[in-house]
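Shared between the two complexes below is chain A, which pairs with chain B and chain C, respectively.
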Partner chain A sequence: MKFNKPIKVAISVLILIVLLLMPKWGSDRFINIFILIFLYMSMGQMWNLLAGYAGLVSLGQQMFIGIGGYTVAVVCQSYNLPLWVGLIVAPFVCTLCALIISLPIFKMSGDFFTIGSWIVAEAMLLFFTNWSFVKYGFGFTISAGRVLTLTHRYIMALILGIGSVLVVYIALRTKFGLGIMAMRDNEGVSKVRGVKIYRTKLNCFLISAFITGLAGGAMHLFDGYIQPYAAFSIDWTVTMVFMVIIGGIGTIEGPILGAFIYVFLRQYLLNFPGVSMLIFGAIALIIILLAPKGIVGLLQDRTGFELFSVRRSIKAPKLPDKPESASQNT
Partner chain B sequence: MYIIIQSVITGILLGGLYAVIGVGMSLVFGIMRLTNIAHGDLMILASYFTMLFAMEIVGNVFLALLITIVLMLILSFLIQTFLVNRVIDKGPEPSLLVMFGVSIIIRNALILIFGANNRTIPNPLSTTNILNSPNISISGGYLVNFIVGVAVVLVLMFIIQKTYFGMSIRATASNRMGAELLGVNTKRIFAYTLCLAVATASIAGLLIGQTFVFYPSTGPQYLITAFGVVVIGGMGSLGGTLVGGILLGLVQLLSAHFFGTGWQTIAGYVFMLVILTIRPQGIFAKARR
Partner chain C sequence: MAILSVSGLAISFGSNHVLKSVNFELNETEVLGVIGPNGAGKTVMLNILTGLLKPTAGSIVYMGADITGKSLYDRGRMGFGRTFQIPRPFEKLTAYENVMVGGIFGDGLSEKAAGSKASEILELIGLYPKAGVFAGKLGLLDRKRLEIGVALASNPKILLFDEVAGGLTESEVVEILNIVLKLKADGVSFIWIEHVLKTMLEGTDRVMCLAQGRDVVCGLPAEVLASKEVSEVYLGADEDE
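Let's look at the complex of A and B:
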């Protein structure tokens, strides 16, 4: 099942048009589900960029959800500025925080980074619950989001979801992306070949903070309420891990599929309160054990179909046994 | 002045408890190179088991602890054999994510079964003071925690250093291929290691349950404490965990004294991050990487 490039582009454009026109034909419930799908898709995509491509398994992504949400809350509620100001400021605040956090956290590698990022997120949660400026653990009501109609929300979520896919796709198609993948496959060799390891990882971390922060801001703006224990909950990251693992880690399509599965499954499991996270954990566990590449990875192995391929195809039919020349340039 | 001395004493005693919390994680990391991200949740699971047996079924804390340890050993052996051993050769990430999955399952199963309420295991010692003077007092519960902590660390050090079983564990840790060639079933050793770690986690679970209130989502908090203890003391160094625990306890209690109790835990986290930044291999460990 091989598709040519024009067909892939046509499929993508068709899907985009259908999605853009959804407010015309979809029911309210359907549109609400898609809003969630797009928001979660952007978060999953960013965790995938970190864990699947840059090799940074972060369990602290919830801090950007929290900081993004709180920035929107403070800007729109405490300072009474219009909501778009909040949504513009939030990702930059997150990126700045990520830059500061990266100073200690990038000294760690592997599992140390994983738990280090979690510690930072937990410290951030405790800091917010002790901070009088954000009303301790009581939280905020964000009333600025009430003026948004369903269509507005949908378009915002759509831009965020599609935007995150595009950002990852474009980033991976550039020299920077080659560097990321070279680094993931073999850090030592890629370093010798001239990949700036620290800079590459930092860029991934900053991109993920930017978009995750935006998604967190939008999520809390739509909810109309923010509270530190929920905003900085590890459950956000659990969700991201679930989506990426089940969809396929290290693929762009993985988090997209994962977001659909997650949101629909969650809608279904709402009928059984309390067991949803249990089932998500169990499914993720089974997938890691049986199909470590996730559903998309399994499909790719079987059929070779990739909608958003970031690979470079080599024109020459056969190459002698020497390393690819592409990594020389990075 | 007396208050500072009091904080120092309580901090040191608390450090003994922290050492038990961290020692299992240190063991698993030192031998399997696996960051057991479910350690905190296994501990809280043990707290619930002990509470259940002590209060509902056998009525005796020590018997309850024994039953809990047996149950936890079976559970950890199953986890190791059926989950971790299948992915441990594929690099650190899959086993980390598997343990993350286990932790999510444990946490949410506990919420489902026991509810999200605060629980505690009644302890007559926690209200009695061993030393009771106007200026300084020492809580019996904390003292027992400290003694148990030191004892657990010493017993583990004895097992690892002096017994034949410990020798095979050390052989596996230092060179897995070599140990395998000499007839050590390294995957079995990994399973035993996790069992040892979980046994300490069960003891830690009992002590936590008797000292603090616990609820299903406290797992990550103790995971981070364990990780902090291990990081400060040095990954894989058992004696280091005792020192790491005491240092962490001191930092928390002293910062509670100087900045207020709300900042106690944050100060501990910041201390861990500082240590991770300046000496990722721990204060006392020899540089390995």
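Let's look at the complex of A and C:
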């Protein structure tokens, strides 16, 4: 199964039009589900950029959800600024935090990053629950989002979801992205070939903090409420891991599919409180055993199909004119 | 003129004194063969030269400047290129992309320049028809060629080969020899480690034998291979096996 470029572009444009017009025909419930899908998609995409490409298995992504959310809350509620100010400031605050914590947790091996990111996230939780300025563990209401209609929210989520896919896609198509993929395949050799490992990983971490922070900000703005135990819960990262693993780690399509599966499953499993985590766990386990590369990875192995190909193909040298065509001209 | 001169190079891993004192010079556009029994420290020496390992003593002078303290990255940019004894391509990148990595990160080329250079190199190493194949799916000869290609893309002045001919058939070795001759004409110098002595006889200008952590003998290939030092070293090694 081979799709050429025009067909891929046509399919993508068609999907985009359908998605853009959804508020015209979708039910409120349906649109709400898609808002969640897009928000989770951006989070999954970022966890995948780290774990699937940069070899950085983060267990602390919830810190960016929390900081992003709290930044929006403080900017819009405590300082009474418009909501777009909050949404602009939030990702930058998260990126700055990522830059600061990268100094200690990047210095050591990969495992240290995993544990280090988790410890920092837990420390953030503790800090926020003890900080009077953000009302300790009680949390607070964010009323700025009330002016947003469902369509507004949907379009914002859509931009975030599609945007995160494009960011990863474009990043992988650049020189920087070739370095990321070389590093993913073999870190030691990529270093010998001149890839700057530290800088490459740091850039991935900063990008992921930026977009995850934005997603956290939007999520809490839409919820209208933030509370540290939920905002800094490791459940966020567990969800990201789930989406990426079942969708397909190290692929752009994986987290997209993973977000759809996760959100639809969650809607359905709401009817079974208590056992839902068990079911998620079982599904993840089955997928890991049957298709270790996830659903998209399995499909790609079978069919070679990639919707977002980051392959660079060789520019074929100009072939000399064939004699027939030359004779036709005369 | 010597492009590289190494003196008193030594390295120990705990109580394992792998290199005690290695001394040699490499001239411009020369192919210096390095032989020695298994475990003599040939790969370790190459790792020191490229900056992957730090020597415990000794100095490396490259084009008149002491580079003993320079990093792996700096040396790559200065013109050191290498292959790995066991080919280590980026398996989920195509052959073409693998070579591009060498050009972009080893030589600071733009994506476009690296692309056209990669095409040229693939042509040279005979991998052009397999440009779009994932490196993980290539056979041994193609992987060895690709190692050379990636190293070459970084525009090296010195190429360090670690047993590129090992495991290849005679006609495949001839192909590698031809590539070396072509590059030599372009001004590249070589340090070529090989376990197969015959290849050394055909492909090198001088041969150095490494044993017991020292450069036991160095000179014209035919003379070195016939020397009593080398026969002692290899006989000794044979008795061990």
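Here is the rule we use: the second predicted complex is superposed on the first by the 313 of 330 C-alpha atoms of A that agree within 3 Å, B and C clash if a C-alpha of one lies under 4 Å from a C-alpha of the other, contacts with A are read in each partner's own complex, and residues count from 1 in each chain.
Everything that follows uses one rule, which is that contacts are C-beta pairs under 8 Å (C-beta built on N, C-alpha and C of every residue); 3 or more make two chains touch, one makes a residue touch a chain.
Remember, predicted model here, so these are calculated numbers, not experimental data.
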* Asked: After lining up the shared chain so the two structures overlap, which partner does A:289 touch, if you call chain B first and chain C second: first, second, both or neither?
  -> first
* Does chain B (first) or chain C (second) touch A:193, or do both, or does neither? -> second
* Asked: If you stack the two complexes on chain A, which partner ends up touching A:120: first (chain B), second (chain C), both, or neither?
  -> first
* Quick one: chain B or chain C, who's touching more of chain A? -> B
* Asked: Between chain B (first) and chain C (second), which, if any, makes contact with A:111: first, second, both or neither?
  -> first
* After superposition on the shared chain, which partner residues are touched by A:180: those of chain B (first), chain C (second), both, or neither? -> neither
* Of the residues on chain A, which ones does chain B touch that chain C also touches? -> none
* To do: Using the touch rule from the top, collect the residues of chain A that touch chain C in their complex.
  => 174-175, 178-179, 181-182, 184-186, 188-196, 311-315, 317
* To do: Under the touch definition given earlier, write down the residues of chain C that touch chain A in their complex.
  => 50, 52, 72-73, 76-77, 82, 84, 88, 90-94, 96-97, 100-102, 104-107, 110-111, 115-116, 118-119, 122, 128, 131-132, 150, 154
* chain B touches which residues of chain A in the complex? -> 51, 57, 59, 103-105, 107-112, 114-116, 118-120, 122-123, 126-127, 129-130, 234, 238, 241, 245, 274-275, 277-278, 280-282, 284-285, 288-289, 292
* Using the touch rule from the top, collect the residues of chain B that touch chain A in their complex. => 35, 37, 83, 86-87, 90, 92-94, 96-98, 100-102, 104-105, 107-109, 111-112, 220-221, 223-224, 227-228, 231, 262-263, 265-266, 269-270, 272-274, 276-278, 280
